[in-house]
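Labels run A, B, C, D, E and F following the written order; every chain starts at residue 1.
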Amino acid sequence: MTKLSHVDTTGKAKMVDVGSKDITRREAVASVVVLLNEAAYHATKENTSKKGDVLTVAKLAGIQAAKKTSELIPLCHQIALDNVDIEFTPDATKYTITITATVVCSARTGVEMEALTACSVAALTVYDMLKAIQKDIVITDLKLLKKKGGVSGEFTRTDT
Amino acid sequence: MTKLSHVDTTGKAKMVDVGSKDITRREAVASVVVLLNEAAYHATKENTSKKGDVLTVAKLAGIQAAKKTSELIPLCHQIALDNVDIEFTPDATKYTITITATVVCSARTGVEMEALTACSVAALTVYDMLKAIQKDIVITDLKLLKKKGGVSGEFTRTDT
Amino acid sequence: MTKLSHVDTTGKAKMVDVGSKDITRREAVASVVVLLNEAAYHATKENTSKKGDVLTVAKLAGIQAAKKTSELIPLCHQIALDNVDIEFTPDATKYTITITATVVCSARTGVEMEALTACSVAALTVYDMLKAIQKDIVITDLKLLKKKGGVSGEFTRTDT
Amino acid sequence: MTKLSHVDTTGKAKMVDVGSKDITRREAVASVVVLLNEAAYHATKENTSKKGDVLTVAKLAGIQAAKKTSELIPLCHQIALDNVDIEFTPDATKYTITITATVVCSARTGVEMEALTACSVAALTVYDMLKAIQKDIVITDLKLLKKKGGVSGEFTRTDT
Amino acid sequence: MTKLSHVDTTGKAKMVDVGSKDITRREAVASVVVLLNEAAYHATKENTSKKGDVLTVAKLAGIQAAKKTSELIPLCHQIALDNVDIEFTPDATKYTITITATVVCSARTGVEMEALTACSVAALTVYDMLKAIQKDIVITDLKLLKKKGGVSGEFTRTDT
Amino acid sequence: MTKLSHVDTTGKAKMVDVGSKDITRREAVASVVVLLNEAAYHATKENTSKKGDVLTVAKLAGIQAAKKTSELIPLCHQIALDNVDIEFTPDATKYTITITATVVCSARTGVEMEALTACSVAALTVYDMLKAIQKDIVITDLKLLKKKGGVSGEFTRTDT
């Protein structure tokens, strides 16, 4: 029988006690796609090629959000992160920017929510920087790509 | 010529001075879709029908995140929100949950980033509650549906 | 028929839209009592008479907590406070310290939760400062004493 | 001679260096009582029996506050919590709701302030949800029930 | 007789009630100087000329810190800022970077602490980015340059 | 060739992965000087000699800021601090107050930014408490005095 995380047998919210889990090196990778129109895409590319700040602001926002995950997701544990890395991959044919976040820690529980949160907030920040050009930006396809280091074994998404 | 928000003429990050804008009632509506598999969808529905907490945790996380938007998105202004409302619409044929956030304020600048942030964090929280059942949940199609109350006039997305 | 705050007709959590309420000067006064044993009471009195920091730390914690109320209580609105004042009244016959917090704002909604939060966190801080002396301190009788400035009229507690 | 925590020999505030203490599993249990009138009590019970959100909002607020304890209590150390559990026990004869919080960690210092903070903020949130029905709710009897795992040995309150 | 801010007649901490002050446009400008050695100065210049991120990270940190001032300085009021602008002026003869922050708001109290906080945190971030090159960086000469918009009239520093 | 911290080879911002570093006891000491005029200096001394709160508020602000360093400096890691100690040394001949902060942790990376942040925010708070007396206070000479516990060996500033 399948079971929800973070709820008890009656369906009510509860944290998971991670005290008996081992401290291990854990890593998670997530990605998200920002769909732009031609004008917004080129403005971003031009800003980036001129070494403007659009993607830097988004990267910093993503890194800082990863550190705040346990404040944002109510039942997440506080985890001191070893590293957060965020990369941006533009696609000139589709006018998209793919954001990939890699988060690592040495802790009792994994960091997939941290990687997903970093992607989300980085994407929201790209949106915020571009919204004067394009009002109908879409942020899509936020997903976990890889996760390793816990007892549940390694997970690698196969359909990406 | 198109122009980025939040950057100066050299492409560097900068806030926008909203001091000369009027305090008006402003509203924004955004939505996002959480794509589940059958097991996760039914677990959510069962939890909801038993009045479990899954969607309540997500709603509260979204409301609290909306209030924190200016901490998360670096160049956003601090706005005291009048209201944040979040709704969940399940679709049993597609195994999806659509989350819609409506944010209103009486301020000098709009709340689209607040509505989008509320959707993002509510969706991340649904993910967090369901990740023990399904490891490959996808959060998709985050977008602004409507915005009104500012000088730029009303925006309503037409392709939803 | 009586009605809960912050829930809709089905009993689910929701914020209250304060957008149509007037901005008025609003004030709330709350108090709480910290019950000490003789040793802890005298240590506090001695610290205070030597102008030590015990009650100052508690006062500052209370002031700062009042400013954070909307982060702590999920459905509270963000309110920029005009003032927070906290007073300590020791009672040498009962070994108690009564903490009274007065909070004022110019806003669309009242500050009773801010006054109660200031009292709570000030009392918790007194506890934290004294816990090496007394392990069984009790914090009791947290209540609203007075509230004014909103449409619901003035409230003054009569049984204090 | 009794000694205050968190003050130096002149009575001035100071943190305690926990660097030489061992990392051990530590647990603390605290409770608090919310005194309601009949109407507020029954509204809460009715909300709970309909699986409404009143106590869920309070539980989440308590869990999140426990994680924020070191931000609220100035001299507390930052502790990554293994678990926070919060339970609500209504008493239909006295119209009370007792809130019990259990906090565990693997750290160099204990979590009694975290358990007390979780109780306080959960109780404040119950107050916030019920204040439209009853203006004179009292939050009372906040105390530590049990503490174990540190060098000072186990503490169990005997008068509860 | 001169008087401290934020203390009562007995010298104890207290907030100032700003409720009777008018909401006016207020502005403050502050600056700080980061003293580098030749290697650190040139690394910064080279990073900037290649449009690297060193000063962008510092600018964003300063802007975000300005918004957090009331969390950092215990007796400061919460102020929703209209704008925060931060500029960096390198001096190749002295190997210094001067950081200037301009903060504006429409509020009941001024923003000099916000401008000073923005400068401080921007300077700390420059330090953090350069500390691998130079271990003895000094941050110096943090001061208010100008302040206007309050009842106390305009202040302009004359010795800069 | 000298290298910036926190940037990659192209000059873009990045965190440093500390996962492979050992957990060791690390300590950092920093100081800063607040330059007052005679009136402000004597008001502070008088407040201190009467055991007023000016320097206590500054001390608490510094301790709390040290705990928030990773929120303020974007690329800093979250570190649970073992202790933060802050001292004030007045100099009656120069009308200065020197603030010294000592921070210790048991972690994978050092706490120099925490010590510098504690000094900065303590100094800003002294400024805030004294700004009604003196509008042209200067905060100067913020620097690291000592650092030990990491692989890079002990650093002691020699020119202080």
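Operating definition for what follows: a residue touches a chain if its C-beta (ideal position, glycine included) is under 8 Å from a C-beta of that chain, and two chains touch if they have at least 3 such contacts.
Keep in mind that this is a model prediction, so the values were computed, not measured.
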Any chain that touches chain C and chain B: D, E
Rotation, 0 to 180 degrees and nearest 5, that superposes chain D on copy chain E via CA atoms: 180
Comparison of A-D and B-D (more C-beta pairs in contact): A-D
Remotest chain, chain E as reference, centres from CA atoms: D
Self-contact between copies chain C and chain D, residue sets same or different by half: same
Centroid spacing, where centroids are CA-atom means, of chain B and chain F in whole angstrom: 38
Centre distance in Å when chain D and chain F are each reduced to the mean of their C-alpha atoms: 32
Set of chain D residues in contact with two or more other chains: 12-13, 50-53, 56-57, 60, 64, 68, 71, 74-75, 80
Interchain pairs in contact, sorted by label: A-B, A-D, A-E, A-F, B-C, B-D, B-E, C-D, C-E, C-F, D-F, E-F
Residue ranges of chain F in contact with chain A within the complex: 12-19, 70-71, 74-75, 77-80, 107-108
Complex contact set, residues of chain A against chain B: 2-7, 10-13, 32, 39-40, 43-44, 46-47, 50-54, 56-57, 60-61, 64-65, 68, 71-76, 112-113, 116-117, 120-121, 123-125, 127-133, 135-144, 147, 155, 157, 159
Touching residues (chain side chain A, partner chain F) in the complex: 25, 56, 59-60, 63-64, 67-68, 80-85, 104-106
Sites on chain B touched by chain D in the complex: 50-53, 56-57, 60
